[in-house]
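Chain IDs A, B, C, D, E and F follow the sequence of writing; residue 1 opens each chain.
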């Protein structure tokens, strides 16, 4: 079978096993979804196979048939096994951080931030293979279908949560570390019309709250927190909370990796905290 | 006929009658729309039947066939007649508050804020029936098709206007009163990764302007106004205008229910007003 | 042939010629896109023909067949040749200002800001023909497919860049001059529920950064710059930079037409500049 | 629920129960079909509901949406319960006579002769309601999708097997009794261009073998057998076998109702048989 | 407008006028068809425009988009006005000869013999333009969608009725005169594998009954009648009736052009008639 | 890449090489087909990959998505390499015998007899894997899309031409040898309702002309010819021509394998020939 080469058996892949187990329970509870759940999950041998099937359906459009898209997604997943690993980290990240989510199957099936990110990973692989045209084509599919615009040349780590996702923009020379959480309507944008390195460099564990705009080739240090609605035009030191338009330092996140807490509080008088509840 | 049970005759349903009358006029003016208008409106016996048909087409996707979706929407509309009542209040609200709209049929046919809200009402009914899986499925359909993300567990009153709608996010434990107006890119979000009650409680008559982010289990009092682009992290007293990042009290709305005025002005030096024109 | 009347030969239309030439190169580099590129570009005699084909596919939905949409788009392009001219200016604008873009074919094929704008131009033509119903229908297609909401009555010049585009809202009585750049999540909105002239008037060469909300019938002077995330409720003088919530004057753009630079910097202590790098 | 009124519980409907039971076994044996089988059969409360869903999908085309077709099919099934009864007789007939078929679910799901016949029953009901235009529309759907052309005014009994079905034509004033078997490429046609009664009258239990053409207002007596490839232009007495071009009497069927045996033999020297094996 | 050049106003085109008038009546009687009838007929300026729209929808498939097909059909109709004239003759022929049909709109909308024939006319035009590949592509669309296989190189006159149509095959070097009627399952085929002229030459006014096979480069004289189910391997003189396997002369048609009578009788003892009723 | 395992390079596969070469020429001659030809042929590494893509699109329907179908077709092609070999023989057979066809790509792309046969080969493989349910599902897809009904249990050799194909029926216990030609509307059917071996056994090199019906467990000897429209109810000796209703011996084919000549003549007085031209 076509997918054998990349098949990871359920036994050796606990996330895939969990998704299958959760799905079987859901199918019993909600027979109406049986059709969808079976063809999308239980019909597959591996998480990679399920992902290529599901994403191909999600990105399908009159100008990009599901058959063509699935071939491309499979090529990427087989061409670089790190995509599958990063996807599993992303699923764990969502499970851990999103209070409204207590399963692996829900984000896999429904979260368009997750779908956008995995489709970006495919486009990024194409970009690195010097297949820029096809990478831009996929970028457009993501933008049209999900309202998320990630340039395929951007470099993004693993364990990423893009929550709610509508309106997120991530520019060409952006780099994002691991274990970062990004909320809806966030922009990691360039400034000026010069080519070259012009987008933010985001460290590990950073939390970027809803609607924040980070513009230009500036550095957001590890463990920083960017308040909702902030406009950041200058470097942000590690383990610092910034907020406002334009953003100013207002405190320190309570934890090393605020992305993991998802605490969006920024009201703080003291230097060492951003607790909004005391 | 399948829809008879829920049929409300045009005579006893003035909004449905108005939609039909408006549609007949439009069909004369723009024959190109005849096809669409007839199958979506005039072919139906009741507003409920038209809604289930129209929403099913709007939410249709390769993973959710229109036939399946229509069955579910009909079940909800028949299962809880309050959905139909709330829908009529929502239509009246749009008609009354949106200056660019002077008919019932336009929002019914075209406003994706209205479509998102009614689809949420269906998902909410499913959630209360303990059919969480299907409710989350519908939530994803709404998010993908309209760019609006409303958790099915949220509690939302009637007479709601979600204007332009793209990017709106409403979290799991949010409650929203009656006669509230919400503009595009508004977030009613949680903070922290703990489960439990963690989203805003919005009173009656509140106006939430474009791009405002309201985060955490805080209370927005009746008749409050939240300025555009504000980030609200603390309770807002009733009949108070707040603005800024983070939001501070800047005045009082000129009317009891600013949602009805749709006046987004916040520039005010005096305590008792937010008039931007005097 | 149907398109002959409006055919502009490649020789006399350098942008169309460039798009065709770029496409031939891309087809060699990425055979997978051959199908898409040929039917969308090389199969056509003119930029207008290609646009009507591509937009019709992009806007296609169960309620609006591609066949019907293409007829309407062709009517508009043939009815008012200024649409084709404005489209060419828009393509040149993107090419010139968007650092991530160095071809005409990429925005033509993939940028949903460009697609939204051209579809608006079609809807605007219908509106002026007193075909309001069909214009509103197209507005809804744009909003649903691209997450961009432009009222067909708005008046928009040429040489416009709508970058990334998700969440952009442009209201009914808005006017926008030439050579304006608008980023994602920008609102040009009304205030109050009165009918009549209630939206912004934006001059030439203005740059409106990501997430800015400009509300009410206020004047944004030529060459002004609106900082990211700003909320603008009052007139902005020409050649002035404003920022903040609510927006205040913070400096002067470094050039006459900041839209052309795409420099989003607003941190400036001196009156005469907004350089963020010195 | 919409389908309740016509719901026949599985307990009181042995054919529906059998279809459901067979389907559950098949789903275990062939998981790939789970999606299809669940949405088409197990998701429904009654055979009528499953039929309307399945036929609507089968007849779906760009000019007739599944949503519209399902409404019409439901109206017919609810408007005349005899359609459901006849359908059950047809299923039993196939099960009993078709050697390649030993279940109810296979013909329900896959036999286009069965699908054509049930769609005809819907069109016939419409015709009797004086909705000729819609009846002709459905006739065209059947002809295009299945290659079977049955005029909606024809009168057809129950317990009918249309085997393989491609190319079958049944004209406007045809009547067909009960328990008749009709093979592929059979024509029951008119002759002459006069309006009025001009098609065959076929009795009970008749077997019409592959490719036979029966033309004109002639009577085919009960229990007659029409040999494959015959051209019948004159009355055929009851319990008689005819064959040839033009057809002549060649013997007698071995049983009272040759339709039930499906024995197509016609080589017979003796008056009392058409045994081809002795 | 694109179709202006070929526009024939309703006033000067009585068939188009009749179709529009009939359609308006039907729309009143059967509102469910309003959508379909309007977009297919009333939305158009001419019969040619309506035909290109309707055929494009009918032939639409995953490998041939309606948009592409419509362009090709329009090119043919504009490239050779004789196609439109022949189409009108075909409609008149059906109206006159088919007892089950008393309008122009019914065959235009629903008869797949008519649709196949017009699509062949488009393919034939392409073939004569030396665009064989596209002509064969269209031939395949016709064969797949309608079950009718007409080689684009065949030459076919006007006033042609292909009744019921399923299974009709017309080979490459066939010629068919004017005013011919062809029933379902008829083959006009070649014999031998040599290239060159190897198919039948059918004169004017010929009636070819259901299932007849005419094989080889033989001549079927003007006004001949070919009995149902016949296999014709030799020339048939003008005004002669043949029948049987292989076909033999059995009489003379009662009229000069049996195609116009549609009388399929062949039982005749006398040389000068084929009356089956005396 | 998924298809690598079964990849046969163009160099080692002359038929695949010819198809690719022919396609490149066609693309130059008819740019409108570029899209279709590229995605269907040139985008693939092997004939098998192209076949699975093309067949999946051809069989696509609301109840069987192209994605699912392609997976199944690929499994079959990889599971039994004899399918690919038989397909190549079939292509050679068509090329050699069909006078209207002088390329490999035309039948591959367009001949529904070829498509039906390859889809049957997939279904037959499934049947032998004891996946009867899925095999019957595919049988139904073939019947609905192509008007060809081949039971998946039938056994069919290689080098088979099914010409024009509409209406062909091949029953469950049929066996067909190699190098057989079958024309449109041919039935290889059973007789009687008993289970067990009840369909024809057709030898090598047999020619079965249009509309012939062969019924029952009878033997058609090697090199036999069955005249058009014949009804065969008894064994046919090898190298014998039969014709008529019922069929009688009328001569001998001029060659050993009449299937290769495609000479349909049956008029012969002499024992040793069936020349219709001397």
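Throughout what follows, contacts are C-beta pairs under 8 Å (C-beta built on N, C-alpha and C of every residue); 3 or more make two chains touch, one makes a residue touch a chain.
For clarity, every value in this text was computed on a predicted model and none was experimentally measured.
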{"item": "Touching subunit C and also subunit F, the following chains", "value": "A, E"}
{"item": "Furthest chain, CA centroid comparison against subunit A", "value": "E"}
{"item": "Equivalent interface positions on subunit E and subunit F, same or different at half", "value": "different"}
{"item": "Relative to subunit F, chain with the most remote C-alpha centre", "value": "B"}
{"item": "For subunit B paired with subunit F, centre-to-centre distance based on mean C-alpha positions, whole Å", "value": "57"}
{"item": "Distance from subunit D to subunit B - Cα centre to Cα centre, in angstrom", "value": "49"}
{"item": "Distance between the centres, which are taken as Cα means, of subunit E and subunit D, whole angstrom", "value": "28"}
{"item": "Multi-partner residues of subunit D (at least 2 other chains)", "value": "32, 35-36, 39, 43, 57, 62, 65-66, 68, 147, 166-167, 185, 211, 229-230, 245"}
{"item": "Chain-level touch network, classified as line, ring, star, complete or other", "value": "other"}
{"item": "Chain pairs that touch, as defined at the top of this document", "value": "A-B, A-C, A-D, A-F, B-C, B-D, B-E, C-E, C-F, D-E, D-F, E-F"}
{"item": "In the complex, subunit C residues that touch subunit E", "value": "1-3, 39, 43, 53, 56-57, 65-68, 70-71, 74-75, 78"}
{"item": "Subunit E residues touching subunit B - in the complex, by the definition given at the top", "value": "31-32, 34-36, 38-39, 42-43"}
{"item": "Contact footprint of subunit B on subunit C as seen in their complex", "value": "61-64, 68, 72, 131, 133-134, 136-137, 139-140, 143-144, 147-149, 151, 166-167, 169, 171-172, 185, 187, 189-196, 198, 211, 213, 215-216, 229-231, 233-234, 245-246"}
{"item": "Subunit C residues within the subunit A interface of the complex", "value": "26, 29-30, 32-33, 35-36, 40, 54, 57-58, 60, 66, 96-100, 106, 109-112, 145-147, 164-167, 183-185, 209-211, 227-230, 243-245, 260-267, 276"}
